[in-house]
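Note that subunit A is present in both complexes that follow, paired respectively with subunit B and with subunit C.
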Partner chain A sequence: MRKKLLTALLSATLIVASLTGCGNKGNDSADTTEKANQTEAASQTETEAPAELENVKLTVWGSEEDQSMLQTMIEGFKEAYADKAVFDISLGVESESTAKDTVLTDIESAADVFAFADDQLNELVSAGALQPISINTDAVIEACGGAESGSVQAATADGTLYAYPMTADNGYFMFYNKEYFSETDVQSFDKMMEVAANAGKKVTMKMDDGWYLYSFFKGAGLNLGLAEDGVNNVCDWNATDGKYSGVDVTEALLNIAKNPGFVSLADEAFVTGVQDGSIIAGVNGTWNATVAKETWGENYAATKLPTYTLAGDQVQMSSFAGYKLIGVNAYSDNAGYAMLLGEWLTNYDNQVLRFETRGLGPANVEAAASESVQSDPAIAALAQQSQYATVQRVGGNYWSPAETFGAIIVAGNEKGTDLQKLVDNMVEGIVAPIQ
Partner chain B sequence: MKNIGRKIAKFFSDIGNAVVKGDIFVKLSLLIMGAGYFGRKQYIKGIITTIFQAAAALFTVIVAIPYISKFSTLGTVEREMVFNIDTMKNEVNNYDHSFKILLFGMIGIIAIVVFVFLYLWNIIKVRELQILSQRGKHINSFREDVRALLNQKFHITLLFFPFLGITLFTIIPLLVMIMVAFTNYDQNHMPPSSLFTWVGFNNFKQLFTSTISVTFGYSFTKILIWTLIWAFFATFTTYIGGILLAMLINDKKTKAKKLWRTLFIIAIAVPQFVTLLLVRNFFADLGIVNTICSKIGLTDFLKTIGLVKDSLTYIPFLSDPNWAKVMIILINMWIGIPYLMLIATGVLMNIPADLKESAKIDGANGIQIFFKITMPYMLFVTGPYLVTSFVANINNFNVIYLLTQDVFVTHNQYLANSNAKETDLLVTWLYRLTQEYYNYKMASVIGIVVFIICATFTLFAFNSMIKGDKEEEFQ
Partner chain C sequence: MNKLNSIIRHAFLTFLAIIWLIPIIWLVCTSLSGYPGINISKFFPDTWTLNNYKLLLWDVDTVSQFPRWFMNTLTIAIFSCMISSSFVLMVSYAMSCMRFNMRKPLMNLMVILNLFPGFLSMIAVYFILKSFNLTNSHIGLILIYSGSSGLGYLVAKGFFDTVPVPLREAAKLEGASEAKVFLKIVLPLSRPIIVYTVISSFLAPWMDFIFAKIILNSGISSDWTVSIGLYSMLEKTLINSYFARFCAGGVLISIPISILFIIMQKFYVEGITGGSVKG
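Up next, the complex of A and B:
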């Protein structure tokens, strides 16, 4: 009897749950129709006044945290261009870091305007997904500091501007705790590791990751970049003839990896390490700035990457400069208005708004020059590092070989593989044609 | 096979017969499919058939032919666009979309084959009608035809939609994916902006060869071996574990049977990916298990006996290839055994008690009973399950992917150069190739190879293990 009661109860809850589920949906659709009616009414009043205005439907994808801010910006856009067309702009969630994958899955059904990280630019361009920017191009370039500036370079392929620079804070730099390090200490990686080792703490950087590994090789003057086809890589990290050879860099990396003051940690472990106090300095990006700021408080500081010891010399570490961009879908039915919207979302006012609401470093030079932006330690550190940073232009075959190479280094090259062989293998994988 | 041949021969001889011996209406139906029905006063059927014919002809001309004509090249015109500032829109040329050509070309070809078959079959049917009317027999009205579909011919009505569904959602996508293996559909050739084309067996060659920079052949062999090892252990550890657990719980001396059973079923009730991701974090290099192990000194003990390298401060549960492989099998046991326990409980309860009792009277001990009665009975009942679960384990994506993604970095540079890891199964490798590297053609080739392996194994296993006459043998 009791069992029957239980079953009855369970099924009743299930039914009620499903009914309320449907009920909610019903309400939603009622809401949306109501909204639709409202907009329809609004558009009717708008259309009545002047001659026939074109109806323009656009979709925008932005990250989840940006949604309400983007909505404000879109409302502004609608107002500013109210005399040109009647807009129906919908907003969707798509993280900047995964935009490329979603867009390339089905370009034709992707959003007209979407935000993405600049490392995805070349793959998007070679897949023909990005609309070359052809409205107010010169003004956009000018606002970001001219054709030579990093953010414009990051949005350019083959001399054509393919996206609107949005933020200039997606690179990495050195966080440190002022309680342990002086400003001169943080100039050298060796000194930092020494200080950390003496204090029984660690300095960290994720070495088994192509993104960070690049800074050592580029710092040594070795090159990695895209081949002319825009998809495959060219790489000379196994060079033996330059000032520093690939083996030199590898030896330097092995020395760092086995230093007692160093540990190679992934993002999450970096966060836990900072919180439990075992990590007192590390290479990471703005996305972890808040954690460090909250934990270290007054002692939180950030600066450019240090120098490291390479074949007896001190060499400045390079880095990938990271930008976030707004692109326009080449398959958009309203490419023109999509471009205007892209430009709107990245104009001076909205970049300032973006910094004020979300703390993101502007790509717009004027906005970046403001005092409030300059006083942010993380953004200031990125600006310092920017002279050593290069735009990220690598093909898909780079990551996996570089990751494995880094992992072998972190483990101390246990099998004792010849170092030249090690870099040769990695370069073979990096430059392997995609086929 | 002979039977099918005979049927085809009969089909065509019937058509010949109908065309030669048919009257004017039958001959007319060569031109207008409905004619034969109009001749026998089946007007509605005639109209429907004629409409069908017109629709088929329209579909062929408008949809199928344009795509089929490009099927041999998969398109030649690349997309070009120019932005027009006056209209604020892009002006785009009439470009070819390789994937659509492949898909609709395929559908078009299938549709045309079906049309031709129906057209020929129609002639036979019309001829049959002629014979009926010549003999003065009853010819069904439309209403009677419909009623027949609900009664005598109900199986046709019943199977029509499932058949349609399987064709649309299984057979056509499958054929298209198989076709992709013979093209160069990858990151350099991604529609709609670029075209891809046929490359014959090149991709298959690539899978079995290794050059210095392209190591597909090397990785394929390594991964295939691990896939088979994994499938074997994953299947049999959970199988035996499940039976033992069920016997333990079923044993007369076990108290609180329901409690134990419920506890194990809770493990099933939690979604698998949640448990797997949690377990992955537990066993991470800096995870909770490692903290406990180093506190109780297990890490140091393992170091002294050489299972953990001296340079490490943790046990590389999921980051060293050998450790990871063992751990994956163990974690899979934990997830899989409760399922098997459920199945085994049911089967064990069905073993006739008199069998065991008579064995006891004959002086057999527990182990003998287990190997002579319980196991043969279990194997007999669950044989088909074992085969399917082996195949399912070859394709067991969840466990491997969720436990190793973002945690396991291979130290083997040759594997890394073809985006593979030691712990990868063929499916997870395939997934990474499509999802992260857009290498659809190689993924399709791997998919075909996986299918061949699974199909061969299944056929072999079913034929040798579970032949129809085994039941008598068992009794």
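Up next, the complex of A and C:
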């Protein structure tokens, strides 16, 4: 008898649990419509003041080192909109580089407003996690330099603006020690390697990494991008008919890899090399440039990527331009205010503040044009490089084949595989459909 | 000849010990390094300092909140440890000393269930907790760590099997209930296995990363456990200024466990060997 009672109790608990689950789902669909209404309501609040102040609860995710700065910005937002609503804004930590994974784990419980790196935009959009920007869209685009500017492109998918451009400094560039290189030296990769080899030092770049490898192939005019489905890749890096073929690029890469003035290093080794003096120039991002800046002091300088020798010509290296964006959660209960907050966090004043407190390069054109921003070597170098850079739009199947290819190049193609075969293999992996 | 053998054996063991100890020595050395970032060219740092520990323990900033994380982890671990130890011991007692229908099939089923890694059910567990509004709470984590712990009864059951049956029968004849037999007769005779159970159920929540990362997803860094907090210091933008502190955190987190082991070592060995004689 007792056992039966227990069974009954257990199954009752289970049923209740599953019903609670369903109940939540029912509410969600109601939330969505409510949210849409609120979006309109919020845009209306700008023109007419509501009789009674509503309570608005928002959560914001930003990177750990930005926390106190974000708190200042949020206080400013509360003040600016104090006549519209009473805000309860909580701030959480989520690095821009991992935001997508955390958001997509459970979109509903993710923050209303979050910062992320622009290469995650596509997946966030296809998962329906981002709210299209529908308030002051034109003004936002205008402030970032118009629809053609890199930062707006980076925040746009299918012609719709999905996020607010925050910083324009997430790409890579060349930084070097002025003690060894003149400004003309750094125009050409060959010259740099020659100088380094003569001094018994090294120039470095992580060649077995798709992020950096891209710059050589794109510089040669070969293409890599997303297919129309937004998930898979199209890639012609094994082309034989263009001005430069994939094999030409591979040969150029092999020449660089075996040059005594060059070494391919991962980040930790890079930073270590900069400190012990064996590395005197390298391609990397702002996060590691700070170490070089501390170590080299006055001699620290930065510039765009150099040219490299490709089939006898000097070809400018391309790169991935990196931006950090602020997105609004599509499942936000207060999407309207969330958008206003997103806009606030990326407005002119706050982009200037972001540069002043954290040294991050503004995406806002006006803020980026200021003298203090222009005089920052890293940000100036990224701006110089931006004309050769493209927005990072690649599917997940790009990285491993590119890494394998890069590793073979770095090892000097020891097995002597036919170069066309090498690029063919890589392209086959890159364009392989994601199951 | 015997002497030569022994020398070779000891040389081999020393060699293995060195291999095993190198990472730990490196961790300790790096945690004492004067340079805050990562430097892989040297095994021993150029300058030695205790500053990283000082910063970690007393200089709390938005990135590093070690004391807070440590307390969170300790609270979670202690509660999970208490709940799951009692689960394990009670299940083991029932399986070892009581006789009821379906005992054997149930035991087999539990062992099989326990063979599946816990994180296979992670997504389901997450959504169940979410429907009860228990995500982002330490209670939710404690429930996860202690929930299925009874399945790991096997070693303790083996130990209880070695407690002589006449003892229990005598107690029963005197009118003791099962609870009394368990608490007054069997448990006092089973100190080694209690120690073993307590240590192993303390370790799981203390070292867990995966579940904590999934459940504590609101980004409120003051709620984090040590493992998530330390992991977050390895961000590419942070690693150059926090790596030494990360290592210091790694050393500190191992101290409570080491102390626990040293104190309970004697019982621990008895517990495992005693429990595995009869399975």
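What to note about this one:
As a convention for this text, the second predicted complex is superposed on the first by the 384 of 435 C-alpha atoms of A that agree within 3 Å, B and C clash if a C-alpha of one lies under 4 Å from a C-alpha of the other, contacts with A are read in each partner's own complex, and residues count from 1 in each chain.
Basically, a contact is a pair of C-beta atoms (placed from the backbone, for glycine too) under 8 Å apart; a residue touches a chain by one contact, two chains touch by 3 or more.
What you see is a predicted model; the values in this text were computed from it and never measured.
Touching more residues of subunit A than its counterpart among subunit B and subunit C is B.
Shared-chain residue A:Q387: touches no atom of subunit B or subunit C.
Residue contacts after overlaying the shared chain place A:I408 against subunit B, while subunit C stays out of touching range. When the shared chain is aligned, subunit C comes close enough to touch A:S109, but subunit B does not.
Legend: residue contacts after superposition of the two complexes on their common chain; A:Q374 is shown touching neither subunit B nor subunit C. When the two complexes are overlaid on their common chain A, residue A:Q131 makes contact with subunit B while staying clear of subunit C. Contact with subunit B, but none with subunit C, is seen for A:Y331 once the two complexes are overlaid on the shared chain.
By the document's definition of touching, of the two partners only subunit C reaches A:E94; subunit B does not. When the shared chain is aligned, subunit B and subunit C each come close enough to touch A:A269. Using the contact criterion defined above for the overlaid structures, shared-chain residue A:E65 touches subunit C, although it does not reach subunit B.
Counting contacts as defined above, subunit A residues 269, 272 meet subunit B in one complex and subunit C in the other.
Within the complex formed with subunit C, the subunit A residues making contact are 17, 20-21, 24, 59, 61, 63-65, 67-68, 90, 92-95, 97, 102, 105-106, 109-111, 267-269, 271-273, 275-276, 285, 287-288, 290-291. Within the complex formed with subunit A, the subunit B residues making contact are 79, 81, 83, 85, 87-90, 184, 186-188, 190, 192-194, 206, 212-214, 286, 309, 311, 406, 409-417, 419, 435-439. Residues 101, 104, 107-108, 123, 126-129, 131-132, 134-135, 208, 229, 231, 266, 269, 272, 330-337, 396, 400-401, 403-408, 411-412, 414, 422, 425-426, 428-429, 431-435 of subunit A are the ones that touch subunit B when the two sit in their complex. For subunit C in complex with subunit A, the residues that touch the partner chain are 35, 37-41, 62-63, 126-128, 130-132, 135-136, 214, 217-221, 232, 235-238, 240.
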